[in-house]
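Each of the next two complexes has chain A plus one other chain: chain B in the first, chain C in the second.
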Partner chain A sequence: MSTLMSMVTLSSFLSLMGFGLTLVRRTTGVWNIAQGGFVSIGTYVILTSVNFLGGSPYLYLPLAFLIGAGAGSVLFLVAIDPLRKRKASPIILLVATIAFNLTLIGVINIYADYLQNVFRINSKNFLLTKLDFKIFGYPGVSIISALILLVFTILFYLFLKYTKTGLTLRGSTEQPDLAGVLGVNIKFVYLLSWTLSGGSAGLAGGLLTMFFQCNPNIGASLIAMMFCVSIIGGVEEIYGPFLGGWLVGFTQIYGIVLLVKVLGSWVISYKEILPMIILVITLIFIPQGLSGIKWGAKVRSKKS
Partner chain B sequence: MWHQFSLFVIDIVALLGIYLIINFSLRLQLGYTGVFNFGLVLTFTGGAYVVGWLPVRLGMWILHIDSSLGENMIWNNGLIISKINSIIQGNIWVGLAIFFITLIVAAFIGAILGFASGYPAARLEGDYLAISFLALGEILRVIGTNYDPLIGGPLGVQVPDIWAWTGNFRFITASTVNILVAFGVWIYMYFLERSPISRTLRAVRDNKVVASSLGKNVTKIRLKVIVAGGIMCSIAGALYAFYTAGVVTSAYGMNEWTFIPWVMVVFGGLGSNWGVVVGTLTFLVIQKLIIFYKYSFTFLPFDPVWLQYILMGSALLLILIFKPSGIVPEKISYALTMRKTEKIANEILSGK
Partner chain C sequence: MLNVSNLNAGYGKAQVLYNINLGCKLDGEVVTIIGPNGSGKTTFLNSIFGLVDVFSGKITFGNISLRDIPLHEVVKTGLGYLRQESNVFETLSVEENLKMGGASIKKKKEVEERIDEVLSSIPFVKPFLLRRASTLSGGERQLVALSMILMSRPKLIMLDEPTAGLAPVAIKQVVKVIERLKDENISLIIIEQNLKYMLDLSDKSCLIVSGRNVFTGPSDKLSEQSDLKTYLGLG
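== the complex of A and B ==
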């Protein structure tokens, strides 16, 4: 059961992080390398809040979301939008996110040094598990992260399906030029997607503090995994990262358990490589990802 | 003061050589062929791991050092290295033999890693290609951190000081060798630029459909370029490991050896060798100046070294927005020199 809870927790984090990556890829066509930086921002928002204001880390998750969202907006307004107006290619936009990420690395590390040197807060290697509580004997973060993911998914689905802005977002994703002609403010739609992307990463970072040992480079160390989630799940459908997050989480936990039985315990140290291998296989054989496969068509073609 | 300044200059020169080799390899892949390689760290680390594994064993074999020490290579690493270094101090040929053999093996490993990473990725396009390299680049780091017999796991290993025979001129020698190798790579890129191959690579970059319709195997060409780039990066990694006389996995991160070369090359300009030199030198000098003068900023409540990331990120953003072709833009490369063109034109006009 504890293995299952670990899988649920990890999958929830990865799905939240991958969601933001897929959203901006779907709307603006950019792979955001700075997504890792947004996750790190979330971790430091929680660390700062619990140390200065006290209380449970869960109280400050909305703040982590908001500040992450703010960072996403800044990246769009400062870098992506000006380049988009100059008709920059997707690879130039990707390089711009690298540039922003480098700036974020500097800022986050400076902030961590500042916390450590001035306030004597352990900011270079921290884990806030002791501030978590138990639910039915299991870590609260395991259940709460899954609930947050569920609520987030439902809210986002309802937003896309039943709100005017959500419909606009869907339309702009499919046909941005036509949406622009029909009077949709494309810049606002793109800004919204980058804001949501940063917010979801900040939220995931906030939850991470109670499960992983965090440091200023935690986001950078997870960026490759986030890409695995996004690509394996597929960017064609917005639920792709949720599929990818659960598959990668399952592989990391249960896949390793299976490999240990077959190959021995030495494989545990190499569990990070598994998602990379699945990513490369996915890119070669199903580059559209799991959500991009037309399962209905396959079943029909088999029947005929 | 003079001593500190001279060490400062020597360090810049040494790293300039290493970064130039990596950046020329990136220019070959990205600038010429349009291969978005975000996995430079893979082959760079491969070369470094060769230096972490091979020279000590080579030294033991050449110098007939007690083989019982080799039964626990990692535990006895310090002792073995000191024995090898003491012999190299009085024997230049041992040092040079270890150096050249290791460099050749590193190049070979770089080619294999380049092929292994390029083969699945060569058919992909644009940012999907970039992402696949990013993921593959992480694999070697995980292996190096967890497989102790390779380079001692997270603690790392020392490597034989192949420049020990130079005495007090160790760093000058190492820096000079790095710059000479970088110069050799620059000469290769210079002649490549003036060869028909460069036009083929540019055709693949600009319009692979047309290149393919003219009979060029686009996938094969991209794979060859990735392998060539892998060899160059691997040699750079080996030189860096020899320069620092040690290999530890934490020193081979994606930021330092993939993203920062990208920043340097995009800043300087992908389209010319001089652009690569300008970009590399600019960022290296800024980086080293911050480190050199960081103790003048002790009043700051943080390590000033982090300022370099903010500077690099901001500079790159500004360049991308206002001068996306870089400081030194790409020039048209002519198939023939001006003199030859005039000669042919004169011959045609005179009716020959």
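== the complex of A and C ==
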């Protein structure tokens, strides 16, 4: 059961992180390396808040979302939008996100040193499990993260389906020029997607503090996994990362349990390779990702 | 009035249009633009909306310089644009496409009222309101695209080959709608290869060859142009 809860927790984190990556990829065509930095921001928002204001880390999750969202907006307005207007290639835009991420990591490291040296707060290697609570004997973060993911998914679906802004986001993702000709402010749509992307990463980072050992580079260490989630789930559909997150989470937890039984405990050191193997298999056999498979067509062809 | 003067435009470093001049009044005037493939007709319409690089020249609609405003503001001036390709959102339903057409309308109730008005004007679209646009035929798609443009109550609509690739029945439906637009005093700039339908409708014609405006004048004078005979393959 605890393995199941670990899988649920990890899958929820990965889905939230991968969602932002897929969203900006879908809307602006940019692979955002700074998504890792946004996650790190979330962890330090929680660390700072609980140390200076007290209380439960859950209280400050909205703040982690907001500050992550702010970081996403800044990256878009300062780097991505000006470069996009100058018709920068996808590679240049990717490099811009790398540069922003390096800057972010530097700032977070300086901030962590400041917290440690001035306030004697353990900020270079911390885990806030002690501040978590139990639900039916299980860590609260396992259930709360799954609930947050569920609510997030439902709210996002309702937003896309039933609001004018959601409709313009869907239309602009498919055909930005046509949307612009009809009067949609494409810059606003792109800004919204980067804001949501940063916010979801900040939120995931906030939850991470109660599950993973965190440090200034936690986001950077997870970026490869975020890419796996995004590509395995498929970038053509917004719900792709939710599929990818669960598959990667399942593989990471149950896959390693199985391999340990078969090969021995030495494989634990190599558990990060498992998502990469799934990624390679996905790219070879279903490059469009899980959400890109036309399940209806497959059922029809079987029937005929 | 839409006024284009000395327009030079293209893509990156490649110039496609050379000193194009054209005007269209807002009293239901219909201007037809014809020319060989690759002569720059679509580039001309795209440059009015700022979808291509404009190197120099003036583009004004009334008192507004269209070069000074962002893309999403152009439709608010009263201009509409029916593109030849990618003119509907395939993943959205027809109703959602119409709502996208009303993107410049702020109030939800106004959008819904406008949808009712447009559907009474183009009733052919009503039967497939809930269908995904990707499932529509070519003719149905053109009618939906036209309906989308009408959502913003344009004073002037630019249409890029509205009958291209359509069956004769669908062409008649589209031409019928265009005739109705003219009757409602909506000015039109139409790029069309199907001269049979459009020249009778138009007040003025413009022949563009190799990015240059070789003739602009009354449509009945067009047949005297030697370039037109070359374009039509008449020697």
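Criterion: the second predicted complex is superposed on the first by the 304 of 304 C-alpha atoms of A that agree within 3 Å, B and C clash if a C-alpha of one lies under 4 Å from a C-alpha of the other, contacts with A are read in each partner's own complex, and residues count from 1 in each chain.
Assume a contact is a pair of C-beta atoms (placed from the backbone, for glycine too) under 8 Å apart; a residue touches a chain by one contact, two chains touch by 3 or more.
If you're wondering where the values come from, they're calculated on a predicted model, not measured in any experiment.
Visitor: Please determine, from the superposition on chain A, whether chain B and chain C clash or fit.
Guide: fit
Visitor: Is A:182 touching the first partner chain B, the second partner chain C, both, or neither of them?
Guide: second
Visitor: To the nearest 10 degrees, give me the chain B-chain A-chain C angle using C-alpha centres.
Guide: 100
Visitor: Which partner does A:99 reach: the first (chain B), the second (chain C), both, or neither?
Guide: The first partner, chain B, only.
Visitor: Applying the touch criterion given at the start, work out whether A:227 contacts chain B, chain C, both or neither, answering first, second, both or neither.
Guide: Only chain B; A:227 stays clear of chain C.
Visitor: Please work out whether A:164 is in contact with chain B alone, chain C alone, both, or neither, and reply first, second, both or neither.
Guide: It touches chain C, and chain B stays clear.
Visitor: Using the touch criterion from the header, give the chain among chain B and chain C with more contacted residues in chain A.
Guide: B
Visitor: Taking the superposed arrangement, what is the smallest distance in Å from a C-alpha atom of chain B to one of chain C?
Guide: The answer is 16 Å, the least C-alpha separation in the overlay.
Visitor: Which bits of chain A are touching chain C when the two form their complex?
Guide: Answer in residue numbers: 164, 167-168, 170-171, 174-175, 177-187.
Visitor: For chain C, which residues count as touching chain A in their complex?
Guide: Counting only chain C, the residues touching chain A are 49, 51, 70-76, 81, 83, 86-92, 96, 99-101, 103-104, 108, 148, 151-152.
Visitor: Which residues, counting only chain B, touch chain A once they are in their complex?
Guide: Against chain A, chain B makes touches at 36, 120-121, 123-124, 126-128, 130-132, 134-136, 138-139, 142-143, 145-147, 254-255, 259-260, 262-263, 266, 301-303, 306-314, 316-317, 320-321, 324.
Visitor: Please give the residue numbers of chain A that touch chain B in the complex, ascending.
Guide: The touching residues are 31, 33, 78-79, 82-83, 86, 88-92, 94-96, 98-107, 109-111, 113-114, 117-118, 220, 223-224, 227-228, 231, 269-270, 272-273, 276, 279-280, 283-284, 287.
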